[in-house]
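These notes open a run of structures that come right after.
Here come two complexes built around chain A, the first alongside chain B, the second alongside chain C.
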Partner chain A sequence: MAEIVDERVASHRRQSRIIYALLAGLMVLFLLFELRLPFIVGPQSRGLFETVEKLPEDKLALLILNWAPGTYGENYPQTEALIQHFFLAGKPFAIFGVDPVGPTLGHEIAERHAARLGKQYGVDWVTWGYRTLQLPMILGLKRDIPGTIQRDYQGRSLEQFPIMRGIRSARDLSLIVDVTPSATVEIWIQYFHGAVGTPVGYAPTAVMAPEAYPYLQSKQLVGMLAGIKGAAEYAALLDEHYEEELTWKYPPMRAMNAISIAHVLIVALIILGNYQYFTRHRRRREQS
Partner chain B sequence: MLTTDTFTLWRNIVLGFVAGIALLLLLDRITNNSSRRRLMVILTFLGGLFYLLEFVLPPGTTLGFLPAPADPTRDNALSPFISTIGSITLVIAGFSFGLGLLNLATIHGRNILGQRSGWHNSLAFFVAMILMVISGLFRGEYASLAALYRVLFEGLYQPLGASVFSVLAFFITTAAYRAFRIRSGEAALMMGAAFIVMMAQVPMGMMLTNWLPETGWAANLRIEQVSNWLMTILNMAALRAVAFGIGIGGLAMSLRIWLSLERGTYFGKDS
Partner chain C sequence: MSLEGVITLLACISTLAIFTILYKENPIYRLFEHIFIGLATGYGISILWNQVLKPNWWLPMTAEGKWPWIFVLVVGLMFYTVYIPRYAWMSRLLMVTLMGMAAGVAFQGFARLYIPQLTASFLPLLKPEPPYILFNNVVIVVTIITVMTYFFFSFEHRSRAVKGTASLGRWLLMVAFGAIFGSTVMARMALLTYRLWYLLTAWRS
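The block that comes next holds the complex of A and B.
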């Protein structure tokens, strides 16, 4: 009996190593070589894109970055796509977060693209930095932005930045986009869209995207970038609408190809696993 | 150079800190457990009552002892205090960071001093924390510390953080091979829906039905259209029901916490 168990454990280990090697090898291959596969942009990404295009330039868009390096693969390209769009469309925006690391990462992305596109800190964008996620802070933000935030990520008073002139409360925000692996978007829908009608967009990881569909259907969300697919769709829309060359630290289309092969592999393994299961099951029945 | 404003600010901080410690010590001396609990219940209730009243009182409402709101079309008498209380809670949150840091330092310090198993991991914790704090705080002044910060944050923290979650992909793949078995009709239905949604997410999956026309009734059979229907009709209905349940449950829980009816680890075991 012990030998049978040992043999089974050794067999599982061998299978695991083969599967890991297959997955890693295929993903590396598809990340290295770009394939141009047919791609259709969904209505959720298009909704967010068109909303950003129509934003008024005398109000501020709020890009809330609540992600950390753990969800780099999905949230980084989403953030990069949104920041490039804000810059290319000339829409002023602020970077903010209720996660300590997100605003820092977003600021680095914004600095890199600002240098390329000739944008200026304090005029085209501002980074408010990190604040703790607490109800009094949210309510204060809704009512009095300069009084609640007060300073940017480097401790400089917000009043000195031209972009913050005339921005008093949530009514002066043109859009809120929450880039996050968690369900923080409900806070912005409840306290900003529900209270003062600020449009809200959502850029979650793919696993969180299904929870947003009720809000999309009720128009409480103007659009959504669902995971890396959403980022790739947004990149395709930017390519279509703007002549300027887009640059990516992690190109979303290439990541989509790698994810494609991973999905195909998972489906193939499920089919193989079930085939083996039913074959074994039928053999046992025949023997008995 | 110490300006008057800086001196006043630090004087107020020190005085506030000393007054706070004195108040806590006084409360500790003059109260017993049941008095402390009563005090916490009263403060919790007053805190919640403030926000409830601020939300429900119509704009323009004045309370005799409070100044009238600056914008009576939008605010009531309690609204001007929202920002101040927000700042107070931010300061309290700052203390919670310090408390967390103190806690970690105590646990890992004990590991090192007691030479417990894995004490070298605790040493690594201190080294990493001190290096990160120093390089982060002073990177603006010293180029060497800026370079160190870049190595630690961009070179180590970001890739390590991404890698930890990336290994999930391998576990999901082996789990899919070993555990996803179609043993019933419901499992088959679930697997079919999962197959459609998974393949519709990726270009290779969309290629399966790319030959179907983009317009007309046949377009509804394209995999991305079927996936969209599953997500926006079936999935949405189920999740909306779940959201209602969560909302009602959250409301009930909030009332219990506000009225200090909740019992458990953080809510006091005293009856």
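The block that comes next holds the complex of A and C.
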């Protein structure tokens, strides 16, 4: 009996290795070669894109980056797409985070694109940096932004930056976008959208996206970029609306192609597995 | 080799070492897993001191003359009195305060989060504009009613109508779980895609 079980375990392990190899091989192939697969932009991504387009230029958009390298594959292209859009549309924004790594990574992206597009730190964008996620900080941010944040990521007083002129409270924020693999968006909905009506956008990992649909339906969120697919949709919208060349450290469209082929393989394997299960089941029934 | 090159090489070796678990459990994977945990813990402690405690507590207290901040340490240490039965009431004092605050905040948050969703679920089923919205509205309303029936435990589901409604609710829940699982698969694939992209392109820069 033990030998039969061992043989089954070994067989499953062999099958898994074949599947992993097949999956990796196909994904590498689709990452190396650029293909144009049919692509539809969903209303969630379009909603966020159109909101950014209509933002007033005398208010500040807040890009909250609560992600770390663990979700780089999804949150990095989302952040890069949003930052490029803010720059291209000429909307001032601040980078902020309640995760210590997110604002640093976002700042690096903003610096790279600012140099390319001729944007200036303190005028077109500013990095507030990291603050701990505590209720007094959230409430303070709502009522008194300069008093709560005080300094930028390098310890310089925020008062010296032209972009911060006239920015006092949450009412001076044009939009909040939370890029995150966690459910922190509920904080911004509760304390900013719910209390002062600040529009909130969400860029979660695909795992978190289904939980956010009720907020979209109730219009508590203006839009959402669901994982890498959301980033690819946003990239397509940017491509459609702007003549300037977009640059990507990790191109979301190409990543989406590789993921699409992985999905095709998974669906095919599920069908194959079910076919095998049912034929085996039928054979056993016939034998008995 | 430049420092940048060494970092890239280390990143690639670490990625491949972690991927070896896909073949089988092995000491290389374990070694890199432990290195990762150690690095993450050290990084967390460094961030906690350099970006939280030092600028917000230590420097104001020692360099800016805001000496009352010392009481924050005293209050924080009161949590540890939980280990001394005679003084355990001190820790309870803090916990009661925090629980009261959390309850108040949760109540306020609940209202702001869910009341708009409640009102948004009252959808028109007659002549909605544009007409294709009718399908969405019907799906939402039917799902709400059937799923709520499924979770209604105040009486036994004996009647055929209630049983059927609850059963439909369960099926709709299964569809939702399937969609969530599909999204999870996409998320995991996205993470794998990025690491593959990194291994393929890191050497170019």
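The working rule: the second predicted complex is superposed on the first by the 288 of 288 C-alpha atoms of A that agree within 3 Å, B and C clash if a C-alpha of one lies under 4 Å from a C-alpha of the other, contacts with A are read in each partner's own complex, and residues count from 1 in each chain.
In this text, contacts are C-beta pairs under 8 Å (C-beta built on N, C-alpha and C of every residue); 3 or more make two chains touch, one makes a residue touch a chain.
The shown structure was predicted, so the numbers you read here are calculated from the model rather than taken from an experiment.
Per the definitions stated earlier, placing chain B and chain C onto a shared chain A by superposition produces a clash between them. Of the two partner chains placed around the shared chain by superposition, neither chain B nor chain C is touched by A:Q160. By the document's definition of touching, of the two partners only chain C reaches A:V207; chain B does not. Applying the stated contact rule after C-alpha superposition, one finds that A:V28 touches chain C and leaves chain B untouched. Looking at the shared chain after the overlay, A:T71 reaches both chain B and chain C. Touch criterion met: A:I259 reaches chain B and chain C at once.
In the superposition on chain A, contact of A:S288 is made with neither chain B nor chain C.
Applying the stated contact rule after C-alpha superposition, one finds that A:R143 touches chain B and leaves chain C untouched. When the two structures are aligned on the shared chain, A:I40 is found in touch with chain B, with no touch to chain C. Clashing C-alpha atoms with chain C appear in a single stretch of chain B, chosen from 41-49, 77-85, 131-139 or 203-211: 41-49. The residues of chain A shared by its contacts with chain B and with chain C are 16, 20, 23-24, 70-73, 132, 135, 206, 210, 214, 217, 227, 229, 259, 262-263, 266.
Those residues of chain C that touch chain A in the shared complex are 22-24, 47, 51-52, 55, 101, 105, 108-109, 111-113, 116-117, 119-121, 140, 176, 179-180, 183-187, 189-197, 200.
Contact residues on chain A toward chain B in their complex (touch as defined above): 12, 15-16, 19-20, 23-24, 37-40, 42-43, 68-73, 104-105, 131-132, 134-137, 139-141, 143-144, 147-148, 206, 210-211, 213-214, 216-217, 227, 229, 256-257, 259-267, 269-270, 272-274, 277.
Considering their complex, residues 13, 16-17, 20, 23-24, 27-28, 31-32, 70-74, 76, 100, 129-130, 132, 135, 155, 186, 189-191, 193-195, 205-207, 209-210, 214-215, 217-220, 226-229, 250, 254-255, 258-259, 262-263, 266 of chain A touch chain C.
In the complex of the two chains, the chain B residues touching chain A come out as 51, 54, 75, 79, 82-83, 85-90, 93, 153, 157-162, 164-166, 169-170, 172-174, 176-178, 180-182, 191, 195, 198-199, 201-207, 210, 224, 228, 231-232, 235-236, 239-240, 243.
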